[in-house]
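Look for subunit A in each of the two complexes below; its partner is subunit B in the first and subunit C in the second.
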Partner chain A sequence: MTEMVVAEPLWKIRLKLWVRSFKTGWELFKEKKLALFGLGVIIFFAIFGLLYPLYPMIMRNLFWKDDPFGYQTFMPYDPIIGFDPDIVSHPSPPSLRHPLGTDPLGRDILSMIMYSTPREFVLGITAALITVIIGTIIGASAAYYGGVIDTFFMRLADIVMLFPSLALLMVLSAFMELTLFRLALIMGILAGFGSITLVLKAQALTVKVRPFIDAAKSTGASDAYIIFRHIIPNILPLSFLYMMFNVTGAIFTEAVLSFLGLANIRMSWGVIIQMAESSGYLMGASIGTYWWLWLPAGVCITLLCSSFYFLGRGLEEIVNPRLRKR
Partner chain B sequence: MQTNDVVLRIENLRKLFPAERKIFGKVKLFVHAVDDITFEIRRKESLALVGESGCGKTTTGRVLVGLEEPTSGRIVVEQEDVTPLLYEDESAAKRYVRETYVKRFSSMSDQQLKSLTGIDAVYAQRFLDLGKNEAKFVDEMLQNRRERVWQMRRRIQMIFQDPYESLNPRMTIFDIVAEPLNIHGVGNLKEREELVAKMLFDVGLTPPETFMFRFPHELSGGQRQRVAIARALILNPSFVVADEPTSMLDVSIRTGVMKLMMRLAEEHQMSYLYITHDLAVARYMSNDIAVMYLGKIVERGPTEEVLKNPLHPYTQALLAAVPIPDPEMKRGEPNIKGSVPRPINPPPRCRFFDRCPYAVKFCEDNDHPPLKEVAPKHFVACYVVAGEAS
Partner chain C sequence: MLKFLGKRVLQIVILLFIYVTVVYWLIEAMPGSFVDQYLLNPKLTPEIRENLKRQFGFDKPAHIRYLIYMKNFLTLDLGISFSYFPTKVTTIIAERLPRTVFLFVTSTLVSYVLGYSLGKRAAWKRSGILDKTTTFVGIVFWTIFLPLLAIFNIWLFGVILKILPLNQFIDPNLWKTAPLSAQTIFIRLLLTALVFLIVFLIALLISNRLKTIPAKKTMLYTSSITTIVVSIVIWILSGYSIYAWDIIKHMVLPVLTLTLYSFAGSMLVMRDTMLDVIREDYITTAKAKGLPDNVVRDKHAARNALLPLVTNFVISLGFTVGGGIITETMFSWPGIGRAYLEALNTQDTPLLIGLLVFTGIFVLIAHLVADVLYAVLDPRIRY
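Right, the complex of A and B next:
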């Protein structure tokens, strides 16, 4: 009976199992057109953002071949300090030199948008990751231990939910420089102690009463073992789903804060719109005339936020079989 | 096979659940889930705990595996009092030792202490060896508590009723079966793999490597219950609490699982506490049977004897309710009336009084009858049957 030992190493089998469950998930996911659209948009933006370093190089070869000195001095495709001296008045409408036009300071809008894209991703995903890690651990422990711990974190969640987080961020912006990373951290922590704990705790409660928890306990498993090996794996799909929704929230909040000029972020989609607003181009008839100042950035925010949301909704149906139409 | 080697002995076990929640003041209403039950199980033999739902049979099992703390009573596993290990709180364990041993022993003379029998004798001797030093005795009873709790968990395992719920859907069969090894740190990965493969082979999931890396939802009910059995047996326990392991299974595979459990008991030298509501299953699986009603054992004895010659009116009613495979048979009215009363603070009379066809005035005036030996090894808790009232 000794030759019955499994031939393959364990990690290989686990990897195979993982790939298999991924495949079945993908089969379901494929049928959700909106979710596929969301995934497509996210991939597009990821590539779009990664291509940023190429953009100035291409433009330089196309338009600045005979003026390398001017390109060196003015850096017309730098998203923060760039300026195009050859154009008489800024902002200039979209042209071949500047596919999305320039802003009132003479910076190239397309390069600003491209430059911001990876930062939006980092911000959204960092914030959402922090949220989900906090929410999952606290939700699972609150459900498992109950009692005082449960009451404390649930009331805390109520308070955080009631608290206007935007107002808090505004106040915080007076105290400290809200850099991109700090903003992500604060938003992650705020959201982590908020509604997501309630949702994940409710889910964890349904896991907690199932007999396999008793089975583990009767074998002598410690509390930490039960929480991390039994409860969290069972609520993880749901927390992953909420991560998707939180990315949306984080990007959106950042845009709002930047638009209000409260965040200390040098460049982001919100900053682009804020630039247009603060220099008076969003007032009255100008809003239609100078559309390139706000429309591209606005479309990007809307598209990326909604695509994460759609992706989340698509995943929701995989994670939660009750939502499946069969 | 008849040996006198007692694996498990439960004495006066009682488990009360508070039926109301009060922040101030004492809780007065209790659900008497398990109320003063006593039984013992010998090695390689099994006891079936029979009764309708809500009679406390599952609670008894849960106390044994440490999922609930006993309210009072003593549980002895293989000549060791494990009750202090069942309390999560160390002070509760201390209180238990003081109340059960120290209080009693300190008022006895040396002569009396030496004349004690059973498990008491073991501890009385230890008490004497320590020079009747009470603090030292308590300390010794509780020393290495954590480690001993650990050891006890290995010796007593549980098989749960619902194989669809007792396996974590996110773990592979290998992870599930190896979990006890993992928790107790037995062997390295390779050894665990071998142990799990052997165990799966033992419970009839062959070839093991095709089952090891599947998920529970890919298996049938019977296969899942086999996995649950493998999981319970992988640490080689001396005693397994089986909580209706076949009740959720299809009738066609029930006997297969029961036969498997019998064979494993023989091979692994272990005993079952078999909790069931099905008398046919109890008859097949057990040597002894204990019938429970509202937290009390009302009848206990060798299975064949009890089922052939039921003495307690409740046992008789249970047996009369077993379906007979004859459609022409007309079943008479059951001779017990009403339904199970609430087990919250029951009045001090026979628990079965309200429904009993034999009930007389004596039953109402006296407390619940104690178990009395009416035939060899056949105990009944009934004044009328025992001849004390008529």
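Right, the complex of A and C next:
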């Protein structure tokens, strides 16, 4: 027997393995046109949101060159306090000055949408991350320890699942001002103790019975070590997948709460539509006339939600071999 | 099976009590209360204040009120609503529930039929044109911002085409001289639908016993068409048909919106299970026997992929009660979801607790039914 001497340090091998699995995953992913589309839309929105600071500057140089004082006074491209005094009546239809028109208060819709985009990302991803972290740890520990811990968390999940989440958030909105971050936190925690623990526990159970867990145990690994180094890495792909679906859910819930006027968020896509609704522009025949008040924001919500869902579905086919083509 | 059922029912009862407790304390802890808006009036004398508090039951400490509530809950009494004083919460729920259930059962049924037939076809020709388009359209509708879809539908059908009413449950002008209340007509409509469903199910059972395919088809079609014709004739003869038609017209848009919104859920489930089933050996055998393609698809593959869809259906019916908030707000449909929003705005504590508790019971029963159905439909599953 010749002894193999591996000269490379361990982290380099890990990195290589990681790159290789990423490459094979990407090969599979590339075939999913819908998932690619979703990724494209997400990247588009990310760039779109990051470009927001440029937009008022460009508009100022184009239309407000002669009137710097008026620009400073009215800040026509500010998403919250902006107002355009040169237009006779608001809401005004799309024009060169305001590519998506203005709302009843005279604010520029495009700047409102651009300003909200990074906030939607932050909200969705924060909520989903919290959900997934809680769900993964609980799922893994419930599967590993079994017994009382398992029963406790599964019954807890049953109770959490009984609550209609939207109705519960509505009640919670009476307790506190649901700012963006608080809303993300609450949604994340509520979802984290819910159905995701059931799914991840089922997955962790299949990992728990594999031989390497016994091997780790026999070498004297502690429970925490086994859970964090052996079980969680193996259910991480599935958690990541559920994160995508949770981003969709979080953005949708925020939009609905804002739309019903129950969240305390200064500006978001839902708030834009709520503005149109509460000032009476969504009644009867005026719906079509004032389309720019609700259509762009609604389309943005739909597109971002569905693109995360597409991405999730694409990843699902990679993570879950049952759904692979051959 | 019986042992499993007993265990499950016991679990449900325990779960329900914990749920009711959590709901009660959650709502109880909400800042402010219904009487506050009266108590804030500085002209009230202390006696009147005490009287008011006593009448609404706020003179007792919270834990005593909780015990009273639980005692009443055991006798299926959910208390008296504040904002609809002195109507009982159970009466309000009984009035609102049929509207929500009718709305959601119709749209869920339609969306499941749609999802079933689209899903099986999409999976059969995987990565084909149909698969790609239905998946894309389905997911876009599945993740669409529901108010946007509602606004768009109202705009398209109500404003541009002018064929459907914009919102509301009935047209008030028509009902001014109506001999019966809208609720009575609505319940009768519901009964008609129920009769039709029963006739259809019986016809389905009988046609399964028949030998030839034409006989099956004639049995199914003639029975359903006769029931529809007979019920329409009865409605017209009764003279209430314009009122019934008014309600139906107001129902079309919400049902359409909900169907579009939810059909992808069942379609994706159907597609994924179907993909799993297609790999089984007996599908290859059936194909090798030379059976026609659509027979293999419908009789051999789709039948076996139906199981998750059926349980999914029952569970989604359980969520109807809570899920109506957005749709019912958008279409001013006076159902459970609207009642919930109103109760929240007026701080009508008993109604709020009652609605949440009722929703919970509904979901729990749906889960139990799903468990039982699973065992009945799949002989491999033994409890």
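What we mean here is this: the second predicted complex is superposed on the first by the 317 of 326 C-alpha atoms of A that agree within 3 Å, B and C clash if a C-alpha of one lies under 4 Å from a C-alpha of the other, contacts with A are read in each partner's own complex, and residues count from 1 in each chain.
Here, contacts are C-beta pairs under 8 Å (C-beta built on N, C-alpha and C of every residue); 3 or more make two chains touch, one makes a residue touch a chain.
Just so you know, these numbers come straight off a predicted model, no measurement behind them.
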item: First (subunit B), second (subunit C), both or neither touched by A:Gly288; value: second
item: First (subunit B), second (subunit C), both or neither touched by A:Thr151; value: neither
item: Contact breadth on subunit A, by residue count: subunit C or subunit B; value: C
item: Which superposed partner A:Gly220 touches (first subunit B, second subunit C, both, neither); value: first
item: Partner chain(s) touched by A:Ser278 [first = subunit B, second = subunit C, both, neither]; value: neither
item: Which superposed partner A:Leu10 touches (first subunit B, second subunit C, both, neither); value: first
item: Subunit B versus subunit C as contact partner of A:Phe212, first or second or both or neither; value: first
item: Overlapping contact positions on subunit A, where the subunit C interface meets the subunit B interface; value: none
item: Residues on subunit B engaged by subunit A in the complex (per definition of touch); value: 62, 65-67, 149-150, 153-154, 156-158, 160-162, 165-172, 179-180, 183-184, 189-190, 193-194, 197-198, 201, 207-209, 212-213, 228, 231, 235
item: Residue ranges of subunit C in contact with subunit A within the complex; value: 15, 18-19, 22, 26-27, 29-31, 126-127, 132, 135-136, 139-140, 142-148, 151, 154-155, 158-160, 166, 268, 272, 275-276, 319, 321-323, 325-326, 329, 340-341, 344, 352, 356, 359-360, 363-364
item: Residues of subunit A that touch subunit C when the two form their complex; value: 33-34, 155, 158-159, 161-164, 166-167, 170-171, 174-175, 248, 252, 255-256, 259-260, 273, 282, 284-285, 287-288, 294-295, 298-299, 301-302, 305-306, 308-310, 313, 322-323, 325
item: Of all residues in subunit A, those that touch subunit B in their complex; value: 1-2, 4-7, 10, 13, 16-17, 210-212, 214-221, 225, 230, 233-234
